[in-house]
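Every chain is named by a letter (A, B, C and D) in the order it is written, and numbering of its residues begins at 1.
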Amino acid sequence: MTPFVADVLIPAGKIVAVILYPMVMVVVMIWLERRVVALIQGRLGPNRVGFQGIAQPVADALKLFFKEDIRQRQADAFLFNIAPILVMFSSLLAFCFVPLGEPIRIGTYTLTLWIAESPVGLLIILGLSSVSVFGVIFGGWASNSKYPLMGALRSVVQVLSYEIPLGLTVLTVAFVARSMDLVEIVRRQESAGVWYGFLMPVSFVVFWISAVAETNRAPFDLPEAESELVAGYHTEYSGMKFAFFYMAEYAHMVLVSSLVVLLFFGGWLPPLGGVKALAFLHAVPGFVWYLVKIMFFLYLYVWIRATFPRYRFDSLIRLVWKWLIPLSLLNFLAIALVRFLL
Amino acid sequence: MPDAASDRFEIRQAVDQLSARFPGEVLAVAVEKGETAVHLGKKGLILVLRFLKEELGFNALEDIVVLDNLRTAAEGGPRFTVLYQVGRFPAAVRLRLAVAVGEDEILDSAVPVYRSADWAEREAYDMFGLRFDGHPDLRRIYMPEDFEGHPLRKDFPLQGRDGGV
Amino acid sequence: MTEDLSKQPFLLARADDLITWAQKNSLWPFGSGLACCAIEMIATAAARFDIARFGMELFRASPRQADLFIVAGTVTNKMAPVIRRLWDQMPDPKWALAMGNCAIGGGPFPTYSVLQGVDKIIPVDVYVAGCPPTPQGLIHGLMTLQEKIARSHPTKEILDPHARRSL
Amino acid sequence: MAFKEIDLNMGPQHPSTHGVLRLKLAVDNEVVLRVEPVIGYLHRGMEKLWESLTYTQVVPLTDRLDYIASLSNNLGYVLAAEKLAGIDVPRRARWIRIVLVELQRLASHLAWLGFMANDIGAMSVLLYGFEARETVLDLFEEYCGARLTIHGIRIGGVPRDIDAAFAVRVRKVLDGIPKWLGDIRALLDENRIWKQRTVGVGRIDAADAVAYGLTGPSLRASGVDWDMRKALPYSSYDEFDFEVPLGRNGDVYDRYLVRLEEINQSIRIVRQALDGLPEGEFSAKVPRVLKVAPGEVFHTIEAPKGVLGFYIKSNGTDKPERVKMKSPSFINLQSLEHMCKGNLFSDVVGILGSLDIVLGEIDK
């Protein structure tokens, strides 16, 4: 294993993998969403383009690529162009810190299935995921027309107020696992034998609700409310810029689902890992379990979108300030007490 | 035909009270196909409407119909007839008030009495050019602001004058 | 492809195929309905006739993200400038489908306030007759539009901007 | 800081204005101050056109007024014309008409349910509502070949007779509708988000409703018991027994419940009509060229959107001198501002949906 291979080829390969991973997941996610929503609504969904419509997202992306790219005269040029890049960039960058599985030993070299492992990986991901709010704000505000402006204002208030319960519940996990490093958290869950999702159900539920709100997904999709604000903050975007917003939303969903799986459902651990009788489950590589769990949560996203009506703005804010934040505070207090007593 | 005995009695009673209260205004009363039409003078219209609404409880002004009798009117006869379709519900009593109006005479607006007359009068203005004094905001309702002429007049061609855009 | 490839520059022909395949299979209609035909358009997108199979069920509310403008209903003189402005706001490779007799030629309304046909203000690619056309009729119109897109040559436009959009 | 209100424009093209309606809103960051509807974008000049057509030619054009409930427009016009011409319609024809019109009310309410739920965000209900409506449209297509602009009621009666096989299929469709409604009600009735978006929103009390001339389910949701089928029974409605559902506090949620209950009542009426269908002619003999003696008539029916009235004046020829249509949505839309004041911007969408307006009928 010459240093050249170890220092250049493998990291380069990993970087390509980390970029490809969300892209593939986004393509699968777009197809999954349109098919699942269709089946819930009693219709077929795209099944003509490619096998069972799997090439549909590819066709969409390619078509958007060849669309004319319109920017309004009165739109603020710099902010208008930077917004989609910011939204896309923050989601992709966060994927570098998401570990995909246990390190694999190949001969003498251990291949680590992530790019950067830092003791504060969790914090960086949360930070990056709130950077995408800037993209939404710039996009809505720079388009200089009323509906996007309202969409941007709504998303500012919504995402900022949902950051607090998100942060608090993540804090409880870090508190119990005594580390902010995601790999460490998963190992802790393995040694503890029980996943944090079952240990702290309240944290999981509050985290999941604020995660859905964080990614502007139904029933919290007020910033891009189709029936009220025409198309919300990305009304003025067309062509590839709109594709960035469209894909960034899905990438953000995949990111948040992988966070939920890592924090609360033991990342790549097989279910009931400790039980000796189910030892054969370890034969299945960790990455597969990880993917199955993520797909479940992505399915949950789509399921929620197809069933619930949309919140009104004031009930949305009342929900977070009157319910989620006090709940997460109490939950954090309870867990601190339990740990102190044990 | 809903002209059950009770309806007829209530309508006749209402009409009798009306002509007793406004002898000068009520010009003629016609009953045709079970519907009663009262022809009124122009001046007393609002007083009659208010009397019907407050005392006799005719709580609904269902419709304002404008007729252009350009060809049918006798020489020098009034160009337009404005019909106020008034009803009392749920007792299901219905009355029609007819007012004759010349080409550029101004009628008093019924909005102070019946709020639902607002758009009906704007439509009458837009389609026939009838002006209503006291209407809060008399503008065209269907046609674009810069449209000249009043389409529903008999002398307005069906295809319009300037051929559209 | 119907043309013989010898005349067509080989590389561009392949690029044309790819671009038109993508444009054909992800036609996002513009969610604007005017009158009765709009109800049949929605019924076409609903569960029974489901144009989602062709990838068209994303009715974009904003003209910026739509490729196909289905003019579904009567275009009155008061609405005509609005339709024209919406058409101009749509990004370029865009197509128009005149749905219903009113959009094609004024339909049953030869009156002072109706524009006798939407092709007086926007270039229409496909006309779907009917008052309102049945969902099957609309789907047939959409499929003819897809064939029309498959025959077009977008690369010729990219290389030579003056070339009018070849039919 | 000087208070500056934004004046928003829900323009003639907007996903949730149900057609080409334009709303000029004055909004103080999301709280609605003033709403001014601007109409006329679909004004096709129907009344002018009617004056140049014969009595029978006008009927297919009435389909295009309220194009979601075209049969009730037909019935409104045809009853007025028959009253004017003094044509007596045989009892079987009247009963067949009631079957068709009540099925049309069913289809119109299902379409309304889909549009309103989609505006408030529950988009699956749009698909469920439309699928249930498709089963009813199949019946119309089988009866006279058209799905939306049906022209299924003519002057003097109905175009075709109803045979037993058709009645069986109608009953099968009627059995299917409650199942669809059950799913939708389970999804929406007790849904916390739905109730937050609809209870207490766009409230109008009985006195204001009557003052604004509101009619139809929106009025009955405020507790006013006024249904033209009971107040002035027409086309032998008095031979059927059905209740008129009433709401209490006249908000969006009550209008939603009243219309759902009306669907059940319509099903009851159609069943009674099919069971007791009398024998006889399905259409009266009407001369090919119908000349009507001079006279005038004003007749109203209970359309799904409200009280639909037709005023016809004849001059002895075969063409009407003047036909004026009293449109329920035209009057109902005037009370939109009263309902929207003080609510949030996203409620305007819900309130507009609950009023169930159709632009074809407003703009004529």
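As a working rule, a residue touches a chain if its C-beta (ideal position, glycine included) is under 8 Å from a C-beta of that chain, and two chains touch if they have at least 3 such contacts.
Treat the numbers as computed from the prediction; the structure is a model and nothing was measured.
Chains that count as touching both chain A and chain D, per the definition above, are C. At the far end from chain B, in terms of centres built from Cα atoms, lies A. Chain D has the C-alpha centroid lying closest to the overall centroid of all protein C-alpha atoms shown.
A separation of 64 Å divides the Cα centre of chain A from that of chain B.
Chain D has its Cα centroid 31 Å from the Cα centroid of chain C.
Centre-to-centre, using mean CA coordinates, chain A is 36 Å away from chain C. One simple way to say how far apart two chains are is to compare their mean CA positions; for chain B and chain C this gives 46 Å.
With touch defined as above, residues shared between interfaces to two or more other chains in chain C number as follows: 46-48, 61, 78, 110-114. In chain A, the positions touching at least two other chains are 41-43, 226, 230. Within chain B, the positions touching two or more other chains are listed as 142-144, 151, 156, 158. Inter-chain contacts, as defined above, occur between A-C, A-D, B-C, B-D, C-D. Per the touch definition, chain C reaches chain B in the complex via residues 77-78, 80-81, 110-116, 120-121.
Residues of chain D touching chain C in their complex: 11-15, 19-20, 40-46, 48-49, 60-61, 64, 67-68, 111, 126-128, 130-131, 133-134, 137, 147-149, 359-360, 363.
The touching residues of chain D, when paired with chain A in their complex, are 6, 8-9, 14-16, 29-30, 117-124, 127-128, 131, 187-188, 191, 193-194, 196-197, 344-347, 349. Remark: chain D residues 39-40, 43, 45, 47-49, 52, 83-84, 210-213, 224-226, 231-234, 295-298, 300, 307, 309, 311, 313, 315, 321-322, 324, 326, 330-331, 334, 363-364 touch chain B in the complex.
Remark: chain B residues 142-144, 151, 156-161, 164-165 touch chain C in the complex.
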